[in-house]
Structure formats: C-alpha cells, structure tokens
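Each of the next two complexes has subunit A plus one more chain, namely subunit B in the first and subunit C in the second.
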Partner chain A sequence: MTTRTQTPVEREELISGSEAIARACALADIDVVTAYPIRPYDTVMQFVSKLIADGELKCEFIIAESEHSQFEIVKHASAVGARTFVGSSGVGWFYAMEAIAVTAGLRLPVVAMVGNRALDDPGAFGCEHNDALAVRDLGWLLTWVSSGQEALDTALIAWRVAEDPRVFLPCAISADGAFLTHAQQMVRVPDKGLVERFLPPYRRGEFQLHPDNPITIAPQVNEDWLMEMRKQSDAAMRRARGVIVEACDAFERVFGRKLTPFVEEYMTEDADTILVGMGTLAMPIKVAVRRLRAQGQKVGFLRLKWFRPFPVEDVQRVLSRAKAVGVIDRDYSFGSPFHSGVLSHEVRSALYDAAARPPMVSFVAGLGGREVTQPLATEMFTIAGQVARSGRSDNETYWIGVRGKQS
Partner chain B sequence: MTTQQLRPIRGVHNAPLEEFYTSGHRTCQGCESALVLRLMVKAAGPRTIVLGSTGCMYVANTTYYSTPWVVPWMHTQLGSSGSAATGTAAGLKALMQKGKMRDEPINVISFCGDGGGVDMGLSAISASLTHPEYNHLVLLYDNESYANTDIQASGSSPWGANTTFSPPGRERRIMNTRWKKNTAIMLAHGHPKSRYFATGCPSYSLDLMNKVRKALTIGGPTFIHTFDPCPKGWDYDPKYSHELGMMAVEAGLWVQWEMEDGKLTYNGPSRMIATGRRKRRPVVEYLKRQGRFAHFTEEDIAYFQAQVDEMWEKWGTPGISSVKLDLTGDRA
Partner chain C sequence: MTTYAVEVVYRGVFQKTLSRNICRGIVLAAHKEGKVGTAFGRYGDSPERNGVPAKYFAVVADDRIELEESLAKYEPKEVDVTICADDTLCRGLESWGWYGLQAINALTKENGTLIVTSKQTPESLLEDIHRTDTPYNLAILSGPASFSGLWVYKDDHTDVRILGALAKVLPGLVGLESYCQAIEEQWKSGAKVVSARRSYEQLHVRPVEPGEGSSAPRFSFEKPGWEEMKEALVVQGVAKGAGFRGGDGGFQAGRSEVFKKFSTRTMRPVINFEICTKCTLCWLQCPDTCFDVTPDGLYDVNTEACCGCGVCEDVCPVPDCITMVGEEHFKDNFSQYDWYQRDKEGYRQWLKGITAAQSAQKRSHGLHHWGQYQEELAAAGRGDNDDN
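On to the complex of A and B.
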C-alpha cells in the first residue's frame, strides 16, 4: 500500500464574520465587487480588497462614489453574466434603495451583505434590523446569520440559490453589526476545489445581455404585463424554498457538515416557553436557556435563519407545541398592530392558521446595538412564562432594557 | 482591453445603411433625441450594448414587444447612466479576462437625458470617467427639460423658458433662472485621464456619428453631450427641428466642439464663429420660433443676448468655458 498524503479540505482559522464572507467571495471566484464605506459592513470590503491585492481573488474591484452607484454597478455587471458581491449598512443601504428594488424586479442574482446598523439620525453605529428588513417585500432572499461559520457557509449557499435559474433573485445576508461583523471566531474555511463542486458557474442563459443575444431588458410593461411579471417573482420566491433545501443537502454531501435549512431549534422539543429571534441574539438567549434549564424551567429558543422565504412550516411545527411564544425584535414597526417589531407580526401571521395556536407576547430589545444581557434575557423568559401560565396572549409589546416609562 | 477600430465616415454617402435603432418606438414627430440615438448606434454598429436611463428615450422608445433596438439594450435608473456603463464594462472585462466569455471588443454606450445627466446622475457619470480601465461612452441627450414627465425645468433648461414647473402666470412669472449648460467641459476639466469629450447636435449628423466613433475607438471612458430640439417641450412645428438645431449653433448658444487628449477644437459653424470667419446670428430669431419663450419681453431678449455675448466675449475659452488665466496679480 502506498501512503496517501492527506490534503486538508477545510482549515480552521480565527477570523471575523466580515472576513468569513470575504473569504467566501474568493472561494466563489466573484467577478465584480463594488465598495463604499459605511460602518460596520465595510470591514468585508477591506478584507476583499486585501484578498485581491494579495492575488487570492481575481475580480473587478470598484470603489463607487455612492451606494446608489455601488448597487447599480453590480446590477449591470450581473446582467451581462458576472458573479457579483456588494453590501452596505443602515442609511447606506437606504441610499441604494432604488437600485436594490429594481435588482429584484430584474431578477438579477446579486449577493449582498448587510452589516445591520441603526438608521441614524440620531447618530448610531450599532445593530438594528430595520435596514435589511426594508427589502422584505421586494423579492430579495433574506437570511440572518449568527456566527462566522454560518456567514461563510451561507454566502456560498446564497450564490448557489440566487443564481439558480429557477430562482434568479438577489440575496441579502444580514450580519449583526459589531456582534458578528467584527467578532472573531474559529471558522472552517474550505478548499476552493471543494467549493467548485458545490457552486456551479453563474449562467444567465437567454437573459444574458450580449451582442449574441440582443434582447431588450426592462422595457415599459405597465398594466399590460407588470402583474404577470410580479407573479413570476412570487413563483420564484416560492421555488426558492426547495432550492435552499437542495443546497443544504448538497452542502452536506460536499463539505460533510449538516445544515438545517431554515431554523435552528435550541432545546425546543419539550419546551413550554419558546423565545424567537434572529441573528446574534441567539448567543445570550441560549445561555439563558441553559441557565434556566439548570433551574428546571422548560424553556427553549427558535432562531430563524431565513426571513425570505419565511419558514412558515418550521415556525408552525416548532411553536404550536409551546404554551407561550415570545418574539424578540431587534427592530421596530411604529404604529403597527400591537406596536411590536416586524418579526413578531410575521410569526403571529404564520401561527394564525396553526393547528394549535400558542399565546404570544412581543419584545423589542437590543436597539442601536444595546447588549442583551443575561438579566434582560431572563426578564423576557419571565414575561413569556407569565403568558404561558395565563394561557392568553399578552398584546403588550415590552421594550426590554429601556429606561423610562414603558408606554 | 482593446476597442473596436471604427474608422471615420468620410461623407454622408459613406455612412452605413444598416440601422440598429428602427421602428417600434413612439417618440414625437420631429424628436431629435430619437435621431441622436439612431445616429449613435448606426455609428457604433452591431457589436454594441446600449444602456439607457429613464426618460423619453426609455418610456417612448421601449414598449414591451415593440423595442426599436436591434442591439442588446437595457434600462437603467434615472441617475445611473454612469454606473450602468461602469457595471456593464466591468462585467464584460472580468468575464473576458477570466476566460468565462469570448474575448472581443464590445462597445458599451450608456445614454441619459439632461435630467438624468446634468442633474441627478452627474456624480455617477463623473465616477465613471475616473476608470481608465473600462471602455465606454456616456452620451447625454439634452432636450432641455424633464420631457417625459411633462416638460419640467431641469438644470439644463434655458434661462426664462416656460416649463410646467416655471410657468409665467398673471401675478408672477416663475422663470427658470438657472444657467448651466456646459456639462461636457465641466467634466472634461475634472477628468484629465479621460481621453475624449465632445458636444454634438443631430442637425450635423456626420459630425455626430464620427464623434461617437472616435469616443468608442479611443479607449477608456468618454463623454458626449448633444443638443436636441424637442417639438413638444419647446413648442414649435416639428418640421423645424433641424433648423432650430442649426440656429442655436449659428447663434452661438450651443457650441460644437471636441476635446481629444486635452486638445480642444471647435467644429463646424462654431469653428467659423470662434475664428471670426462668421458672425453669430442674433438669438432673437431662435427665441421667437419657440412657444416656450413666447412670454419674453424685449428686456428678456436683451438679457439673453447679453449672456450669449458674454460667453463669446468674456470667457477664457469663448462659448465653452468661463475659466480665464490671470497671472498679473502674481506676487512671485
């Protein structure tokens, strides 16, 4: 027998969430990337530019003069068949909103990172989810990651799903500002050869803008055709669900790591009280779950990984067995029903039809990047526990860790 | 990246017969902006991608199922002609250099109106001109208003013009008081690494086609600004479109020039005026032919003429740039 030299297929490195996504850019061999500075997302572009400078990624790196141009440039590059990456945070993401809206309308599979940030004024760099959530209705696939590993893995999945001709929709990867963008963790970085087995090349096919295929893209359609086209986007978003599941299966085959596609359940099987949230909130809430479990309380946590498409079956399956559900929003929706955040409405709406509809309560926490500490996490479980005991929804929305009067 | 070598067209009889902007649009009769596009892509030829920002030349041009474009065409947002050019050129370059697409020079032309270029998209056009590594042309067609949305004043509408945002009423004349026209030279001044800037007018079709060819052949990002009479917005009989274009040039109101590698030359009648071989026609003839100036008083006309006179008599580069060199005050 000859001795086989083991080539490492994944290597563990201590990197930040932003760097993890930058590494995914190199692994995916992106063709065009555009950058504009705004904290905290722009760390990803600092890493991407370094990878390019060091010869680890060959692509067009364009420093745009505004976020609007940043997103328009990748939109057009994507139309000629280039794999693209872009990103922003907070008001920068809003500055690009016109381009963001039409990218989805044009069914262009741009992949973007949102480093979640408050929409200042008043000045704030910290994490809030309202920036990314603003595109929830537009036809963007929208995912929230909670660790560096998940950031890298999800980026690879994002290109695969977005560029699948059954989908052809842009995908935004939301990463909590500072908590994820800047925090370093051990991340397994796969070999490029392995990634090539997972991620096929982007082929625009009959929609590619090229002299060999002289099509007219985005003519005036008005009331004659727009509705049919919107319905096609709807169908694509519905199909995305299956394509994400396929991608997770393929991910396990290639990388040997199992990913649950849409949600992460943490001690929910026998839980009476379940809190629901997205992103890096998972960390303090999971710690609280462990501590309360140690005291004999049956509590659990459900983390949504994808917000669009919304994992309605998983939400129903996991939550309808609970005695009470508390939804934590790191965002706000002023004047909305029950004055809660956006996630809470979506969960309520998903549960309306569930076989057993658990009583609910809503929380707003961690705005502007305020830390969700252990006492605050426990407070939410306590309030949700009261709801479980009463058996009736509490339509109050509790602002957790806020100074001053509640209402 | 190399460019297509498009040779100058010597004489109108040698212009290609083939059209790449054909029937299927519904622009007004006498629309000179539509003619600009037809000449532009005729000069560029079939291996061209055209991007167009929102405006008449999008809305009136491209209706689903009846596009006039024989070449590939894509809409871009109102302020995005520069970004569309950069993105398309960058995408093509990346794909060709990485062997993901057959390597060949493809013309990239991105057009915008005056609203989209003189106003909203100026910063993106400027940015596009800072990328010597991408070959593209941004063509600004100037019909002197936000025409598609009902003729509102833009930064490029002439002083005093009646638009739907600047109506002369019984009580007060809301006049467009802005005087901003020289977008091409403004951009030329600030982007020394871009090799070609020019103005054009479809009344001088050969000149315009050759400028497009030069812009596409020379390499890197380039810019052309055209002056397009618009019968609807300017309120005149469509049959006078060509004539009005010529009158504006002959009155010295619109100046035909090009700048190649920093060297500026006047073209056609503008050259005759600049070299003193021809006198400027009075602007009053031009103004009187258009309904948008019907409310002008004698003083308004005199003021307008005085502005044009100043352009030619006081400016450092007559008719084009007000920048003047003055070393007399130097205390070296």
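On to the complex of A and C.
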C-alpha cells in the first residue's frame, strides 16, 4: 500500500467544444489522427495540430485527400492496434460513408467527432442532426453532448467503451455546429495522470493485425455467415449498455464527478409535460422550463446523451409518468410516420410497451442551425400542454419557427 | 401438382451463356404447354470467372401458385435432372457459393438422371462420379466440353441437343414437340430443331446402381453458431516461420481446410525440377499462393489450391520448366515433388511423356485470335457440328 501524496488536479480553462475534444485527444494519448477540412469539424483538427506543435501530444497526424481516405486510414490504424481519432461534418461524413460502414462491421473502435451540420446542397454551415443519424443502424455508438465539459468527458468515456473487448465498436460524438464547436466555456481539464487511471491502453488482442499474429480481416462471406456476424455486432451493442454504466461509475471514482450514463433529467420528477431532445437544444429548453416553473407550470426536459445504444429503460421510466411528451428533432425524416424527425419515432417506439403510454406530439426545430429562441421553446411547451389536457396524441408534426403555414 | 427442377453445372464464363440458353429453353418450352417456370443462375457463384464451377437452374410448375413454392430460393433442394456440359466436372465441383467439394450428383433425385456431354464411356465416367445411396441414370451425349454461346466460339448446337435429351429422360416436364417449337421461335433455325430431334433419338442412358462410382469422400461441414465464431471477421493465418508441411525448412502458405477451389481447374502446372533455377517468379506471381517452398528451395504445386490459371507457366523464364497439362491426365492432387524425391528416374520418364502429349494442345483459356477455335477444330480433324 502506498499513501497518496498528491491529489491529482483538474484545471479550469476557457475553451470551445472543439478544443475540449482536442484536449481529450491529447489526454487519451491517441496514436493516429486523420484530418480533412470541413466546417465545423475542422476546428478540432486545428486544435489537435496545435497540441502536437506545442509538444503536448505525440501522434501521427495525417491529412487525407478526402474524407473517404480520412476514415479508411483510421480504420486500418485501429486494426493494427492504434488508438485513433477522426471526424467530419455533414456531407464530408457522408462522403466517408463506405469506410464508416465497414469500420463498424469490422468492429474497430475508432472514435469520431461529428460536428453536426446540414447536408449540402444548398451549402449551409448550420446544425442539423441528419449527418450523424444516418449511421444509426450500422453499429456505431452514437452520443450527443451539450457542453464543452461534456464533450471532453464523453470523449474519454468513448475510447474506454469503444475499446472495451466486450464492445469493440466505433463511437461518434456529435457536437452541434456553432453552438458547441465554436463557443468557449469554462471546462475542467483533468491531469493526464488522472486520465491514465481511467482509460486503459487499447489492446486488440487476437484481433490485432500484426506480423506476430497473422490474421486476415474482412473476408468475403456469403449468406451462410453474414447473419451470424451481424448477430455478433448486435450482441456487442447490447453489452455496450453495461460497459457505459461501468465507465460512468469509474469516471466518478477517478475524477470525483458524477455522470448519469444515458440521460439528463431536468425537473422531470413531478412534471406533467416533458420535452425530449438532444444536444445544445437543452440550453433554451432548460431556460424555458425554469421560467414556466416560476409561473407554476409543471414542465420538465429529458435530454438523451446516447442515441445508440438507445436508453429505452430511462425513456420508459421518465416519460411513462408524464401527461404529455413532446419530442424535438433537429433533423427530418421526410415521408416517415407522422412526418416527424428520427428521435420522435425512436421515442414512440420505446414507449409502445411502457407501463403507461403518454400522449405524444412531435416537433421539428432549429433546422439549418436556426436558433431555438425562448418564444419558440415556450410554444412547444404550450402545444404539449394542450396535448396533456386533451389526453390524446397530436399526430401533427409542428415545425417550430418555420415561416408560413404548418401544413 | 408436379414441379420439375433441372440444373446445369457449368464452368464460369465459358459455358455461362450455354447454361442460360438451356434453362431458358426449358422454361420457354414449358410455356408452350401452359406451364410456368423460372430460370436463374446461382447467386453466390461467380460465373464471370475463368473456369469456376457454377450452376444454372430451371424450375417448372403447373401454375403460378405452385411455382411460388420454388421462388426466392438460391437453389432447389433436389433436381430431376443434372446436366453437365464439361465432363471434368464429374469429379465434383466447388463453387464460390459454398464450401468444399460437392458431388456432381449431389442434388440429383432418386431415379433422376445425370446428362453429361462426354467422349468417355459411362464406366470411365463412373470412376470419377461420386457413388450414391440411391439408383439414378447416367445419360451421355457424345461430344467435347462445349463453349457454345461464348461469343468467340461457333454454335455447336449443344444447347438444343441437351433439350432433345431432356425430352427423352424427363418427358413429363416438356415434350419434344414443345422443345422444337420453342427452339424454332428462339433461334429461328431449322438445323437446330434437327439437332434436338437427333439427340432425342440417339441418347444413350445407363442405369446406375447404388454403390457404383467413386468412393472419394463427400464433403460435410458443421456451421457454428454466432457465439462460437471468432468475432471481428477475423480469419487466422499461418504462424510466422511455418515451414514446408510443418517442418523447419522451406515455407508453406496458410490455406483454408474447407475451401479448396481446385475444381475450377481444367489444366495444372507440371514442374521439371531439374531445370528450375529457383528464381521465385512462379511463387510470387501465383494469384492463389499455391506454390510451397520446399526445404531445398524448389517450388511444389499444392494442387488442392491451384486453380489452373497458367500464370506460372507464363512467368517462368526457363523454357519447358513449367508446362500446363490437361486434367484428364490426372486422377488426384498428388505432390509432384514427393514423387520426384521418391523416384527421380520414374518422374523424368513420366514428365517426358506428359509434356510431349501436351505439346499438341492449346490452353483452354488461351484464345488469342479470331477464328482460333475453328482452326483448332480443323487441326483436330473435326468439322463443324461434329455429331449432328
């Protein structure tokens, strides 16, 4: 037994969400990072290259000739046992889609940052979630963060969960373009020694491509094999739930800060009306909750931190006691049931066999990076409140803040 | 309610159109009799690849409802007739769509028929064909392996001759007259109709009793559940330093125990070890990594892994060191190196004879100019439409 002589420290710094993730790269001591510029993700690559130039991080920094190569390179680096980081936004992420799909199929724990951005054309820098959501079915762990602090913390958790041999799945951290990637807030940056206690080295074991371990990966298979391989990925994604909980427990032991694994509940305990959303939408909605609470309205907000694996138990537990639930999508799914966004469908599906099934209503808000203002946040609570009073779901999907008629 | 199924076992690219024509001919002829059918190639096969064994199917039912029972399947569970237009496939075949060597008659029903185009006798063919537990019939259409339908080859009427033979062995499927009508419509050729009728008359059918045929083992393979399979799509390779047959010297590549691919081959390389300069080119260039490096630095062809592409013969800088020899000269996948080590003089004599026999032959895949096939037929003393 040794006595602790020194309490490891966290230092507060004024940094953006992108810089917070770059700092996490240095703390995690990544081996390979690849880059190709696209806003808003490109801020991360700039911060990572600065950390390398400043001598705070030693790693291979490879500027690829396209996003496709960018993601291919980390895929291969991960196969030989390198801890990797990569990222993109919007159509850049889409251009890498083939590599993105096989990275999950090959069970390679690449960690990526998606700076959420609308899909061009027309060219638009603003935030929409359709870029990251496009990979929701492929075996990527998907998480949405809402602050610089959460970006840094979640990145460390991402490597720990993705690289866990029970999981071995890639993880994408979604950060809303502009509101998170480009905004600086005070963030507690932990000491590297502290991070080492939290994040074990990446060991790929018998799956590592190495001359001493001659293996072939990615063989051609037919209908006799692929279904079993998909089932293995399914099992890994199921196991990831427990591994995320473990990681959050370990995070509290090491850093002394408590994290709820899957969701953030904001004044939901006695709420009649609960809005659900992801990412930086949380900010205006939480402000609206406080203001409406001050007027005596029982409203609350549920923020999903993880989208894959989907926190079905938390969603059922929190929402089944509400009188109405409104789901806010910063994305679209044209032609889908009720013409709502993707999150709304997932929440409806999760609630189908909940103990009590609350009436629901769907919102599409903040597309193209449009701000969700206080009047708009209040409007959503008002509509959800009407649903609570009527006791029946409203199958209209409300476009909040759009100019012109609803439908 | 009767559903009939027929398969054509063929070699990739060379016989792809031939097999398609046969199966489409069956379905179109069945249509003449008011029946409905489907024709399809086995999806997992790779029929554009040189020599790869592949399958084409025709399934015919009395009506649409009945046919639905045979749709959305990769292949029928069993077939009434198996057709093979290259008798080197009689030893068994391994397609890209499955694992391990399958018997040519694996799907042939009890009392069904195997139709082979061949110059061999039934007895000689039965030395190659796996034995079965149930009786079936072997029908031989006299003729060589046909590439009819491949654009550089002349139409030798093998497609319609097989349809005529089918009318004989499986009259319940479609009658000869319906085939003739369909042939007339499809090909607009009276000569092809005559070929079909002749084949119907001349077909030789021999009953095969259970137990007759080759005793070579049939392939079987237990597929594991997902929990037992290695994760992350990983296939174990050969350990570093693996020597020739597990020894200390030489080198041997890692190979699948269940996926061999050699039935793709119609020729194999034969090595003259005494003039080999150990230049490594065959070993480097072989696309299937089939050369094993022996402890004395020679290169032995692992004939279980060889697809017979002939690249080694092309790249070998020493004249007559590697010679591609037709598969009809071999019965198994023996090691030439072992024989050479055991009996140098005997090997020399065999090598001399086998390569001399080869000098008159052209490679099965080596078409270099327009009209070469016709020239080869003329050189072999055979005119057009050999048996028609």
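Note that in this section the second predicted complex is superposed on the first by the 399 of 407 C-alpha atoms of A that agree within 3 Å, B and C clash if a C-alpha of one lies under 4 Å from a C-alpha of the other, contacts with A are read in each partner's own complex, and residues count from 1 in each chain.
In the analysis below, a residue touches a chain if its C-beta (ideal position, glycine included) is under 8 Å from a C-beta of that chain, and two chains touch if they have at least 3 such contacts.
Note that the coordinates shown come from a computational prediction; the quantities given were computed from them, not determined experimentally.
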Overlay on subunit A: subunit C relative to subunit B, clash or fit = clash
State whether A:Lys58 touches subunit B only (first), subunit C only (second), both chains, or neither.
-> first
In the superposed arrangement, does subunit B or subunit C reach more residues of subunit A?
-> B
Which of subunit B and subunit C A:Glu223 touches, first, second, both or neither = second
Go through the superposed model and pick first if A:Val325 touches only subunit B, second if only subunit C, both, or neither.
-> neither
With the two complexes superposed on chain A, say which partner A:Phe168 touches: subunit B (first), subunit C (second), both, or neither.
-> second
Examine A:Arg107 and indicate which partner it touches, taking first as subunit B and second as subunit C; both and neither are also allowed.
-> second
Taking the superposition as given, does A:Ala77 touch the first partner, subunit B, the second, subunit C, both, or neither?
-> first
Using the superposition on chain A described above, determine whether A:His210 touches subunit B (first), subunit C (second), both, or neither.
-> first
Show which residues of subunit A both subunit B and subunit C reach, each in its own complex.
-> 211, 214-219, 221, 224-225
Touching residues on subunit C, where the partner in the complex is subunit A | 44, 74, 96-99, 223-226, 229-240, 254
Subunit A partner contacts - residues on subunit B that touch it in the complex = 46-49, 51, 58-59, 62-65, 67, 69-77, 79-80, 82-84, 86-88, 90-95, 97-98, 100-101, 106, 123-124, 126-127, 131
Could you pull out which subunit A residues touch subunit B in their complex?
-> 29, 31-32, 58-60, 62, 64-66, 68-69, 72-82, 98-99, 102, 201, 209-211, 213-221, 224-225
Complex contacts: residues of subunit A adjacent to subunit C | 105-108, 168, 206-207, 211-212, 214-219, 221-225, 228-229, 231-232, 235-236
